[in-house]
Amino acid sequence: MTTVTKKADKIDRLAELMQTTEVTSGASLWREAMRRLRASKMAAIGAVVIAAFVVIALIGPWIAPYAPTAQTWRGDVFPNRGEFVGMRSGNWFGLDHLGRDVFSRWLVGARQTLLVGVVSMLIGLVVGALIGVCSGAAATLGGRAGQRVDTVIMRFTDIMLSLPSLLLAVSVAAVLGQSLTTVMIAVGVVQIPVFARLLRGSMLVQGGSDYVLAAKALGLRKRRIVLTQILPNSLSPVIVQATLSLATAIIEAAALSYLGLGNPDPAIPEWGVMLAQAQRFFDNEPMMAVYPAVGIIITALGFTLLGEAMREALDPKLRG
Amino acid sequence: MALLSVDELSVTFTAKGRKDSIAVDGVSFDVAEGQVVGLVGESGCGKSVTSLALMGLLPAKGVRIGGRAVFDGQDLLTMSPQYRRDIRGSQLAMIFQDPLSSLNPVVPIGVQITEILERHRGMKGEAARKEAAHLLDRVGIPDPARRLKEFPHQLSGGMRQRALIAMAVACAPRMLIADEPTTALDVTIQAQILELLKELVDQEGTALLMITHDLGVVAGLCDEVNVLYAGRAVESAGRRDLFTYPTHPYAHGLLGSIPRLDAPRGEPLRPIRGSINDRIAWADGCAFAPRCDRYTMECLTGTPELTEPRAAGHQVRCVNPVLPKSKAEVSA
Amino acid sequence: MRITKSRVARAITAAVAVGLIATGCSSERDADNESGGDKDTFVFAGAGDPGSLDPALASDGETFRVTRQAFEALLEHESGGTKLVGGLAETWSSNDQGTVWTFNLRKGVKFHDGEAFNAAAVCANYDHWFNWTGTYQSSAVSYYWQTIMGGFAKNEDKEAPEANYKSCTAKDENTAVIEVKKPSANLPGGFSLNALAIHSPKAIEAYKKQDASAKGDAITYPKYSQEAGTVAGTGPYKIKKWNKGNKEVTLERFDDYWGEKAKIKNLVFRTISDEQTRRQALEAGDIDGYDLVAPADVKTLEDKGFGVPTRGVFNLFYLGMSQSANPALKKKEVRQAIAQAIDKENLVKTQLPEGGKVADQFMPDTIAGYSKNVTKYPFDTAAAKGLLKKAGEEKLKIEFCYPTEVTRPYMPAPQDLFELMKADLEKAGITVTPKAMKWAPDYLDATEAGSCALHMLGWTGDFNDGYNFIGTWFAGFDKQWGFKDQKVFDAVNAGSKLGKAEERVAAYEKANEAIMAYLPGVPISSSPPAIAFGKNVNPPNVSPLTQEVFAEASFK
Amino acid sequence: MLRLVVRRLLQLIPTLLGLSVLLFLWLDRLPGGPASAILGEKATEAEVARINRALGLDQPVYVQYWRFLKRIFELDLGTSTQTGQPVWDEFALKFPATVELSIAAILIAVVIGIPLGYLAAKRRGGWIDVASVSTSLVGICIPVFFLAILLRSVFSVQLGLFPASGRLTTGINATEVTGFAVLDGLLTGELDASWDAIWHLILPAVALASIPLAVIVRMTRASVLEVLGEDYVRTAESKGLEKRVVRGRHVLRNALLPVITAIGLLTGSLLSGAVLTESVFDFGGIGSFIRTAIDGRDYPVLVGFILFIAMVYVFINLLVDIAYSIIDPRVRVH
């Protein structure tokens, strides 16, 4: 009886002691990544910025004091004499060259900007991913012919990449004529090769990995291998890229507007368009350009920060 | 008087947001001129960290080092970085585990050797090149002149390791630290490399600290052996003593877990159960206790002391060591 | 300021690259900068590259701005005005039908290449143009010849207009007679076009050896028109160098000029396409003047002490209506409603350059033929609503096209103008669907084809003849407007049949009244394109036709 | 080496063919034509029709394509419909400006970016790291044209330190040899001219450099971090080498490999940037030219340009590979 109790509390004591030393084995890559992500300041800042932006984008139109198109103070500004109205009570960001309330336009513009960013990113992502998957799959499982296909596709994505993205966008816009959708498509198209290459790349890596070989050895059907094995494991870099693309999309859109290819409809102000229009009066009324510019920069920064943080978190090499 | 005497060396990794993890927890041992000392233990027991600590190659940030390591009258752990740079490679050299990754892929072998000669022996140009060639020749690399111009990826595994050794001995150091020098190589090469090391030690009277998990290597090479477990020496003794009378249950287990020809047929191998991860902190008791089939309540009360239950100079850190039956009966 | 500038500049630059070069040039730099007084190079920035050095091949202002300094036509406009005066011809006359034009030429005029100017030279030019073949017959190349004189001796394209030019004869050394088949409203104004300026006969011979057409599938301008050397006129400056890389045409004073010699030795025309950049270049002292000043900058520049003389107005900005694109526009009430809905005053007051005027007919008031008693359609939103109700179009929904990425002399910032008008129309209860298009070709194609219900366009006159305005729109059925109204067409063409310019004036006034009675579209404003000059410049007389003669300019 | 070059050039041919087909399909979709672009307000349908006939644009695409191919084999890219000059001449005229600008930008980016990236990695988490990383992030996020406008109005208008436009002060005597203003000056000994050119280059180059700089800083940082963890660096340390040697020979030399590739891939983004900076500073390079070409439906120029870019791209990657094989022996052997 004594021996029993002895043995028992021996075990208990042992167990208890073993709790104290941490067991450092078997934390999965994802869990590790998430831990690192939560630790990183970059990610935190990025997330906050994005959150703020999204909130503004969502509620902006409702809290905007005036209609973005109302030329309420049309008589007060004289662009042809370089006379503007800066900050004043009621018009916190002043008036634009058509006597509209810049603050209201800025609030409403946030939503448009977000919209442009997200949609064009999605265009790039979806199309790019499709291409990427095709050639990735072809390369990993398609055998000789597959690799042919793959090289052809990649050659063209190469060329697309080599073309100045902006000119690509401009020429797309030239074909489609001016509209909001044009901007989205033009910007999206530029992203396509990026996603395609990326996804293909990581699929090739995965394709070479042991578990895929194993799956092949087990004689799984190719489609299943791609869908169930390779793809899920290739996604993380794509997610990172998507975040980063949101930033580039917003900037590219601004550039397009500067080149006069922005969304033409004045009813829906968009930061890029606002900036492009305001820069004409930069020396008379710089602030008019600064508000949208700052909006763009901060937002883009937010997405970039988060994206970079995610990349670092997922890439053990960059750990230190 | 020992050339290197390590005393209560401890290394703790401190990452913010995580618990400190103790890699080396008070290791002590001496190495005398011309002596070969082994640090043995399964991976994760802190032997490599010990070597890096001695070389001063641990990152400055996130690491806490305690204890002393006196090399030739100087404490390696506290000496000035510049002075350390001076003796590194010249008096105290190291051979690393994986020869491929340990050589710079984009720099010719020759340069990687001559740079040491330039640094420590003030040799230049042709002279340095000659010496380098001679070194390669000495470690048994054929056609050294050609090899000098080649890049690591152009050499075979064995040759790479030889090249590394050539670098280590380039300045005839007084002490060599070899960290698993053979694990990356296949058996026949292993033997050659070990042979080479032995020669060097014998010829130059160089002290050698041999870090390995391979008892075979130890048996073949070492005079003194320290068995490490979870960052502490659990048993240290002369080679012969250790192999004939392994006294700490862990050491006993280690030896028990390698097949022996002289064992009676049909007798099973006795592997140690569990892994190094199931352990408790030395502070609380014997870290090995969880895997030990001899442990008692006493094992769980504070760090066991080093004792010499069997013979002078044969130190064991265990409250109930493995002793020959006869004595056991006596004590009982 | 300049001194400090060059010193800091030196400091900065020295930091960036090899110091020894720095000293070498920065001293040079001081030389240009500080000695503004004896500066002998005048740099003027235009918005686009010239197309050729031969005005006969050109149809755009940027080209003429350059060639006008080197080439002169038989007739010219008075400096800073729109009145026709003698150019290379001291006096001129025509028969009553206006088919035979006699020019008494100026004596003692020399071409840049030393040739003497005489009647033979004049005819050499006109015959050369008349006998053009191949690509030269494309209207992209010989636009103005074709508008003024019709087609060629042998038209190669059946669609080319039939020739109106008959002959040119040198009655004597100094008398040239040019005959045309039918009277034309484009005469005598046409004789003043720089496109029909007189070149040295020697040069003409050289031209003939070269052809415009080239292999490949585009019009290649002949070599002579692309590099200085061959072309030779009689103007106060001669063209010295065309550096296409730096987008600069350099001209040099012509010392044997018959009239008053140019005051500044070298004249350089540079291309700076972006209007901000043009202004900043002037402010930074890169250039001594530039054209097409953004309205917003006029006051800013004046305040900083730059010279911004105001030109007389000679263009027209209008809101076009294509009745074919939206049948509602066939109703006069609707057209009138639109006309009254728009607050022209505000546009002129806030958007258009200083000196802009509200227009009440399709012709600026600087042109003979402008009528004081046309029907007026004052701004009145309420009235507009009423008219729409009357027409049963309260729910009028209409497409409004506007161009992007363009500024025209009459239309500084199209999108702004559009947004203001849109707001006005919406106040009157009209739903506007905006349609933005690239100026060229999308917008131009669309408006021409009459597929834009509402659109903004304008016109800058070539010379002082009413027909040059109203004739371009209302001489007959035109898809852009998409209406047939014989009354209007006849009224407009009445004038053009008359040989003598003076006689036409009355006819044009009638025409204007007829047009505004019908109201095919809404004339909005006439505004002068602003032009700016450096602080140390005595600018030339600015011209409503943007025909500045830089020989008049000088440094203070 | 030679084989590599030849192989690449051969690869180019099918690419270009495929590309040109796509191009023509694309051009076919482009609404409007050069005609009205040429004529402006003055265009009438009849005129437009006549010009299109003159340009052979009335024929079906495949005919045009065939003619195009034939010309290509004579290395003739046709004639610009905007300027009426051979496309080659136009390129010869405009490219130097852009190349000069891009090189300047890349230089700035490399000279500042690599050391900065290295420091950032060395002092990971230190203020240099934070500062350089965050500035480089901002560098990516600020719209190039806005940056350019800022620079211009601050440095040339407010402070009057730099010229606001162009490549050379007008009236400065500069003889043209290569078209590269800076180089010409040096060749002809007109040092003040090339000085003047540099002076004009600085602002646009800085504006254009913002993105490459950011990319290079972050690339360098990342790959230095990676290399610092490598065994061979530890080995080098264990040999007691001086810091200088360890840094140069063992860290940087390995760390720069990916950076070089990155620089190669920057060509595209550089040209995009060029379109914007050139139009802000009126630098008269290919970027702004191509933009007007698209607006003006200048087909020959567009086709020529895209083919040209494809070649440039291949060429640059060739350079990258060569550079690679010089630095990295592992590439050299196979």
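Annotations for the structure displayed:
Chains here go by letter, A, B, C and D, matching the order in which they are written, and residues are numbered from 1 within each.
In this text, a residue touches a chain if its C-beta (ideal position, glycine included) is under 8 Å from a C-beta of that chain, and two chains touch if they have at least 3 such contacts.
Given the structure is predicted, the values throughout are model-derived calculations rather than measurements.
When every chain is represented by the mean of its C-alpha atoms, the one lying closest to the mean of all protein C-alpha atoms is D. Among the other chains, the CA centroid farthest from that of subunit D is the one of B. Distance from the subunit B centre to the subunit C centre is 90 Å, each centre being the mean of its Cα atoms. Per-chain CA centroids place subunit C at a distance of 37 Å from subunit D. With centres defined as mean CA coordinates, subunit D is found 55 Å away from subunit B. Subunit C has its Cα centroid 48 Å from the Cα centroid of subunit A.
Of all residues in subunit C, those that touch two or more other chains are 276, 405, 438, 442. In subunit D, the residues touching two or more other chains are 31, 149, 153, 157, 279, 295.
Listed for subunit A are residues 174, 177, 259, 279, 282-283, each touching two or more other chains.
Residues of subunit A touching subunit D in their complex: 155-156, 158-159, 161-167, 170-171, 174-175, 177, 247, 251, 254-255, 258-259, 272, 275, 279, 282-283, 289, 293, 296-297, 300-301, 304-305, 308, 317-318, 320. In the complex of the two chains, the subunit A residues touching subunit C come out as 69, 71, 74-75, 77-83, 97-98, 174, 177-179, 259-261, 264-267, 277, 279-284. Of all the residues in subunit B, the ones that touch subunit D in their complex are 55, 57, 84-90, 93-94, 96, 98, 101-108, 111, 115-116, 119-120, 151, 153-154, 164, 167. Within the complex formed with subunit C, the residues of subunit D that make contact are 31-51, 53-57, 64, 67, 71, 76, 78-81, 83-86, 93-94, 96-97, 149, 152-153, 156-157, 159-171, 176, 179, 191-196, 198-199, 202, 279-282, 284, 288, 292, 295-297, 300. The part of subunit D that touches subunit A in the complex is made up of residues 11, 15, 18-19, 26, 29-31, 124, 137-138, 140-146, 149, 153, 157, 218, 222, 225-226, 229, 265, 267-272, 274-276, 279, 287, 290-291, 294-295, 302, 306, 309-310, 312-313.
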